[in-house]
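Following: one structure in structure tokens, then a few remarks.
Letters A, B and C name the chains as they come in the text, with residue numbers starting at 1 for each one.
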Amino acid sequence: MGNEVVIRPRSSGSPTDGERHGSSRHVLARVFIAVVMVYLFAPVIVTVVFSFTTSPRLSLPIEGLTLEWYWRAFSDPLFSEALIHTVILAIVTGAVAVALGVSFCFGVARLGPRARGALLVASLAPAAVPALVFGIALALFFNALGRTQGLVNAALGHILVALPFVVLTINARLATFDFSMLEAAQDLGASSSRTFWDITFPIIRPSILGAGLLAMALSIDEFVVTWFNVGNQLTVPVLIWGLLRRGISPSINALATVILTSLIVLVVMSNLLNRRRA
Amino acid sequence: MLTRRGLPRLHVPLRLLAPAGGFYGLFFVVPLTILIVLSFWTVNAFVIVPEWTLSNYLDAVSSALYGAVFVRTILIGLGTAAVVVPIAYVLAYLMRFVFERRGQFMLDLVLVSMFSGYLVRIYAWRTILGKEGLLNTLLLQMGVISEPITFLIYSNLAVVITLVGLLLPLVLLPIYSSMSNVSREHLEVARDLGSKGVGLHRTILVPMVLPGLGAGFAIAFILSVGDFVIPQMVGGPQGVMVGNLIADQFKGTGANWSEGAAFALILLSCVLVVYLTTTRAVRWVTRW
Amino acid sequence: MNPPAVEVRGVGKRFGEHVALDEISLIVHEHEFVSLLGPSGCGKTTLLRIISGFERPTTGRVFVHGEDVTAVAPDRRPTNIVFQRGALFPHMNVAENVGYSLKLRGWSKDRISNQVDEMLALVRLDGLGHRGPTELSGGQVQRAALARALAAEPRVLLLDEPLSALDLKLRQHMALELRAIQRKLAATFVYVTHDQTEALVMSDRIAVMNQGRIVQVGTPREVYTRPASVFASDFIGETNLLPGTVESVSGQEVTIALGSGVVGRAIAPALLAIGTRATLSVRPESIRVRPADNGGSPGAGQLAGTIREIAYLGSHVRVEVEAGEGIALWAELRDEEVVQLRVGSAVTVSWSTSAASALANPGS
């Protein structure tokens, strides 16, 4: 957002205020935003609230509060297995997607504008193809190789899902990156690996962390590609899917709340880091 | 930009590009190629028969059932995009030009909602829209209705409601970013020249953010038609979409990979057609 | 005899079809301040980047103190560079920036700190070592960048338009200071700029560049008073360019017919054949404008004219004269010289032959 927003008094500049000071239109705008926010957050609120209510049936008014569903969920050995797998996948996805993405973005930055644009668009391809399609394609690929399904297959799928978003994040950071700093370091006697660890990495560390957290969030939430590639292994979304198909169980809300909380924490942290500019 | 111009071109960007390029090649391009090849082969009792044939495509096209599912899927995709894009446009406009600094915070909130869990939100919508769900319970208790509304769940409406909720943040992003390039001065000049109300949007703002609207439309369509979880969870028995047909050919009991591959490719071509049409349309309109 | 500090021998550079440098040769002596001066896109930055090692020449070789460094990487060359916008490392304070090359060499902390202090004192940033780059003004950033490059004790310092991001006053001030530092260290500086004033103020010699070639090398005075080409005379300082035909040649002195019966005299830096098209260049401050003598026709080397415009510019007055058909020129006069002049009045315009140059037309 430009500075003009800060300097200008709202009443003089806001186009919706129009010629008349249309406060009624302002009210309408507030109502619209409120309705949209309720629409977006109703599922979240419902999930969290019902993960604490005593009644196993979803009904109003709420009768009492309990942590029982969390105990049930956590004491299920399947859950801890799924959780461990999800955490492993998230860490692997974050690390590999960031390594590939950072290297790619620095390579692309050294190209002419045409080649750069073309490669950036190409790198976003997995985000433009339905996950279902490349999920099954990946499954067929591993089948052709004779590999049984499992966590490694799923991890490769997760990296594919996360990589476009990592590239977008890092590339946005590099748009304001002063590449002559790297030349300055080399000019002063630093080798290219020394330049990376002394200069590049410390400067873009917030964006790298931000991109990594985003990749982890995408991995934790990933279901479609996982389901076609993970075989009989469990991740938290796969576990939830299994419970969903068996019917409504309040422990789903507890599991969902756990997932939701971790995702939101990761994404808020990622967002804060990406906004920090050297 | 100056900083980029002066970069040494000799410094092997290939070494930096190769890891990601190799990854995409091996795990994205090759698998999709296998998918294409398989769609022209057949599978007999889980054994792949590598003989070129169009039978999978012919099956898909000639079956009235499959045809109906394809038409429904595309209609739901277009319908969802047609609902979600205007909402996102108004939202972006309000955030950018009416709520200004608080708009930034609202944008953050919307983005947070995007990461509140894919399965979680679908499940929650089932809870909300169900026959004995939250919405019906509330309305019954408030006395607005005397009988539960049954078409809320297991219907096209439920699918669209859920899709719109899921896709709104993703569609908002490109539209909002297009709108960030429009300055307050642009709108002030337009108003100074006598444009106002709906005309201001029609003649000034919409043309200026058209690329964002196009991208939003494409995203909404692609993600809607490719989904199989939402129709399965809230669409009901009549709510089958192409995604379910494909998923069943890979996970279901009567799995037939090559037929699933053919379905996936037909879906992919629909996506491509819609994508190319929107980008062409946007380019044509903006040039003019 | 010592080899030159920098020798560029037949260096050419192509980017695809585009020829950035066309077989350039240049010698920079030790302790010398040489500017590469030219408009944007003339190849001056490319040449500097080839000397620093960030670009490889397509043809030719580069020597630094006699050693062929054409294939040597920038981190192993005895040159250091100051970038346009300083390129300070934002996550290090000024002292860490300045000491970075010394840390890479494994110097002890004390030794680094001594050298850093000395460098900061040299660029007059004493006591600002603990500051971060964002806490510095534009001028201070460039001083710190200079200190960082000098701390590495380069045998040749390369500067890539280091003052271009600063405002005019600061730029003039810093130019003098850079010159003083170079003198004090007796260092070799190669300085890229598109600003002729900067080049004139600082340089021992200026290499004027255009379209990938060096078109003239000389001291500031030579380049200003004896431009070798229309381009050089126009790019450096301001000038009147009067097209005409060579009428007579006697030694270096040339007479050029500027129009029907109007001739101008000038010195030709290169041979001009009688009858060829040529351009006469004369600086506005070299032109004298006097009220016309009553009735008398102008004498040899004088032009009769009419004043079209008089503009007061503070330090001087700009007077525009039309001398014959289509010959317009302008002069910079002192205030007292224009007392008798009015717009429309008839005047005599003249200049001393040695103050004007007769230059071959470009492309002929």
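Here, a contact is a pair of C-beta atoms (placed from the backbone, for glycine too) under 8 Å apart; a residue touches a chain by one contact, two chains touch by 3 or more.
What you are looking at is a predicted structure, and each value in this text was computed from that prediction instead of being measured.
Student: Report the chain closest to the protein's overall CA mean, measuring from each chain's own CA mean.
Tutor: Chain nearest the overall C-alpha centroid, as shown: A.
Student: Work out the mean Cα position per chain and let me know which chain is farthest from chain A.
Tutor: That would be chain C.
Student: Whole-Å distance, chain A centre to chain B centre, using C-alpha means?
Tutor: 17
Student: Using mean CA coordinates as chain centres, what's the chain B-chain C distance in Å?
Tutor: Distance between chain centres: 58 Å.
Student: Hey, how far is the Cα centre of chain A from the one of chain C, in Å?
Tutor: So the centre of chain A lies 54 Å away from the centre of chain C.
Student: Would you give the residues of chain A that are in contact with at least 2 other chains, written as numbers and ranges?
Tutor: 178, 180, 183
Student: Provide the list of chain C residues touching at least two other chains, using ranges where the numbers run on.
Tutor: Counting only residues that touch two or more other chains, chain C contributes 54, 84.
Student: On chain B, where are the residues touching two or more other chains?
Tutor: Each of 6, 8-9 in chain B touches at least two other chains.
Student: What part of chain B is in contact with chain A in the complex they form?
Tutor: 3-4, 6-9, 11, 13-17, 19-21, 23-24, 27-28, 30-32, 34-35, 38, 87, 90-91, 94, 97-101, 104, 106, 108-121, 123-125, 127-128, 130, 132-134, 137-138, 141, 164-165, 168-169, 180, 183-185, 187-188, 191, 196-197, 200, 218, 222-223, 225-229, 233, 243, 246-247, 250-251, 257, 260-261, 264, 267-268, 271, 275
Student: Considering the complex alone, what residue numbers of chain A touch chain C?
Tutor: Answer in residue numbers: 178, 180-181, 183-191, 194, 198-199, 202-203, 278.
Student: Could you please specify the touching residues of chain C with respect to chain A in the complex?
Tutor: Chain C residues touching chain A: 52-54, 73-76, 79-81, 83-85, 87-91, 100-101, 104-105, 145, 148-149, 152.
Student: State the interface residues of chain A toward chain B in the complex, per the touch definition above.
Tutor: 1-2, 4-6, 8, 10, 13-16, 18-19, 26, 29, 32-33, 36-37, 39-44, 46-47, 50, 58-60, 99-101, 103-104, 106-112, 119, 122-123, 125-126, 128-134, 136-141, 144, 156-157, 159-160, 163, 167, 177-180, 183, 217, 221, 223-224, 227-228, 237, 240-241, 244, 248, 252, 256, 259-260, 263-264, 266-268, 271
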